[in-house]
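Please read through the structure below; I'll follow up with questions.
A, B, C and D are the chain letters, set down in written order, and residue numbers restart from 1 in every chain.
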Amino acid sequence: MLEELKKTVYEANMRLKNEGLVVLTWGNASAFDAESGLVVIKPSGVDYATLSPGDMVVVDLEGNVVEGRYRPSSDTPTHVAVYRAFKGVGGVVHTHSPEATAWAQACREIPCYGTTHADCFHGAVPLARFLTEEEIAADYEGNTGKAIVERFAGFDPLERPGVLVSGHGPFTWGKTAMKAVDNAVSLEEIAKMARLTEELRAHVPGREVPAYVSEKHFLRKHGPGAYYGQA
Amino acid sequence: MLEELKKTVYEANMRLKNEGLVVLTWGNASAFDAESGLVVIKPSGVDYATLSPGDMVVVDLEGNVVEGRYRPSSDTPTHVAVYRAFKGVGGVVHTHSPEATAWAQACREIPCYGTTHADCFHGAVPLARFLTEEEIAADYEGNTGKAIVERFAGFDPLERPGVLVSGHGPFTWGKTAMKAVDNAVSLEEIAKMARLTEELRAHVPGREVPAYVSEKHFLRKHGPGAYYGQA
Amino acid sequence: MLEELKKTVYEANMRLKNEGLVVLTWGNASAFDAESGLVVIKPSGVDYATLSPGDMVVVDLEGNVVEGRYRPSSDTPTHVAVYRAFKGVGGVVHTHSPEATAWAQACREIPCYGTTHADCFHGAVPLARFLTEEEIAADYEGNTGKAIVERFAGFDPLERPGVLVSGHGPFTWGKTAMKAVDNAVSLEEIAKMARLTEELRAHVPGREVPAYVSEKHFLRKHGPGAYYGQA
Amino acid sequence: MLEELKKTVYEANMRLKNEGLVVLTWGNASAFDAESGLVVIKPSGVDYATLSPGDMVVVDLEGNVVEGRYRPSSDTPTHVAVYRAFKGVGGVVHTHSPEATAWAQACREIPCYGTTHADCFHGAVPLARFLTEEEIAADYEGNTGKAIVERFAGFDPLERPGVLVSGHGPFTWGKTAMKAVDNAVSLEEIAKMARLTEELRAHVPGREVPAYVSEKHFLRKHGPGAYYGQA
């Protein structure tokens, strides 16, 4: 079932590896099939060198396995929590890419220091809080999804297509799995540029780009007035 | 039309990707044909994997499309502003390469800390100002070109073949599109070396290389007394 | 003898090179054969381009050569000291990978700043002390092994599969040679992320991730309750 | 003439590019033929993609061209000054590799912070002074060679196989051209590790590794008691 989507999810996972965002098996990509309400996701801890499209696992929106010979990614409950809450999201990606993870470990949102950031994120990259000890004991990965959703109260998730989980790392998303990978690539580059910018300013944070500059860049690429790319 | 130049511009754009200066589709190269007064430029937001020479777009010096099935780069008004103002420039490149972009986001010129810099830039790498909110609303990309030209009052643009736009990133240029790519490669390396130099000096900027050293290096490679390379 | 294990040790050494952990010939991997009590290790200072499985050297647990046309790695006495002391260890790796080596040169343990670290190491990455001048004169590499073992008093070496030797660099280990390589890759990435985390916090160390978060991540992957990967 | 050596020098130059030490055409390697007293060196400013062994230029120890259709590297007078002064040196390399160049631009010697450094350099990596304005006007590249030789008064150049030229970048050397390339690779890695070490110590320099540790490592690989590598 969902053979075409399995191929896409396989390719999205391989691209995470080929773009240099994933070390060993530290990452996973999934896609949501709106028609069937099912999710296709990478199996847990399988070597990329042996992975094939048929290894992808199909789960429902509660994370129950519907088809597949492997156990799904251990982060599956986080993925499905995002799909349940964020309408229009068709792909979710999780990595431990080093620059984004460093901001997550430093428990800092990434300020908008320039137009590269504004091209992809409308405002700072949000930071989700640490879970409590009780939340971790009860349902670690599911509650990670809840903390992400909680942080996005009042936000349009497609205008801020990613989050840093405190002490952990980034999750990104998009209309498709490939767009979620694009956003993982962008987030890693934005995170690196922001760190270098602070270094050049002698570690004085807090001087974002003027809002009218970042607004212009976001709106060049997004929304009704966008004029970047082909019609 | 301009089939040979389209091939060159295609190759210049692919080199930006292969040299690691461009992530996703964040960059563009163009060339100016002095005979016809026309510019060949990359189309906007097309994936590098599918790009071909025939996809390049021909525009006039006001940025109007003369030939091409795609919309030209959204930065086209900046490119043509550079060609209109800087005599002898035959190629322009824009990237978001991370080291140069970090200096642009930090709103700092790059001081000349050594001979690698002096081999390519005669003096500091200039910084163009932020546009005003009115300038952005009226003609963002065209006014970016104007701010670049304004910053170069009194400079020979071929002696300083690039600029950092505040809060945005680098533009470079040269006598040809390939030379503009060379200068984009050089600028990224110069930006990185300057950051590392400041880090090793405990972030005390302001100690440039003696001017007689940098002058010598610039003049080894440029002008009537140059003796680097083959006749 | 031990032809199959020689092939594995060869492949583990080549992977160190291909993963970018080894420059020139600065690294070595070995494996322990529990049945015969013998160790297979890379020869000293042989170029990776010409290395073959048959070049691997077989030594006993005192480091005496049992078979092989080459001299074994000069670090052999350290490897065998680890095998003698740490039950269950089947592979040992030594590199000078730059991020882990920088922590070793700074004489600092790596604090647990996030879940990437906790997935691999249970607690900080330990630091072994400098040897005394007498220890170096008497048996440099053997005493390096002793200092590592001394530092692990009270630790389960499979829960902390690596160490930083003061002023020198990392050693990692695991149940197999390939797992020891995985741990060398993980350690380098953890070391880099920890440095970036401190940089983003303006060099204020000492704020580790909450223990209940790191415990959860370690136990997702290790021990009786682990649920990462395939059964 | 010297066809075999031309091939070696060609391969040494290509390796500089393939090891990532050279951007564009910013580097050169040469070799000295003791029998004829001649030097083979890369031509100036020729693209690596089109370079071939037959393009190498033969010069005498004063830098005069003996054979070759191209102009030799503009740094030729520095290379020959090194061969004239340092007995036993058979290969010289110059790059603008970024980590070593940053130390040169910061006008700092590289302190010995660990055994990776001690394996290659006996003591700090020396720094040659800036030339005076008169020296630059008279014979820039020749006087650069003189400043290097002046800095090595009392040193054995084969125990410190490289130097940082203030405000410029590194030169390395060795018994052969390939060994000089090895030393360029080592110096870049040592420079990076030293910078990261200072960063982790919050930029407090001056705490080198104990001398008895670095002595041991240098003497494991060099001199009559060396036991690293094959007999």
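Some observations on this one:
Criterion: a contact is a pair of C-beta atoms (placed from the backbone, for glycine too) under 8 Å apart; a residue touches a chain by one contact, two chains touch by 3 or more.
Remember, predicted model here, so these are calculated numbers, not experimental data.
Minimum number of contact steps separating chain A from chain C: 1.
Distances between chain centres, each the mean of the C-alpha atoms, put D farthest from chain A. Distance between chain A and chain B, defined via averaged C-alpha coordinates, is recorded as 32 Å. Distance between chain A and chain D, defined via averaged C-alpha coordinates, is recorded as 45 Å.
The multi-chain contact residues of chain B, meaning those touching 2 or more other chains, are 199.
Applying the touch definition to every pair of chains gives A-B, A-C, B-D, C-D. Considering their complex, residues 113-116, 119, 182, 185-186, 189, 192-194, 196-197, 199-202, 209-210, 212-213, 216, 220, 227-231 of chain C touch chain A. Taken in their complex, chain A has these residues touching chain C: 23-24, 26, 43-46, 70-71, 74, 96, 98-99, 101-106, 108, 130-131, 133, 136, 140, 167-169, 195, 198-199, 203.
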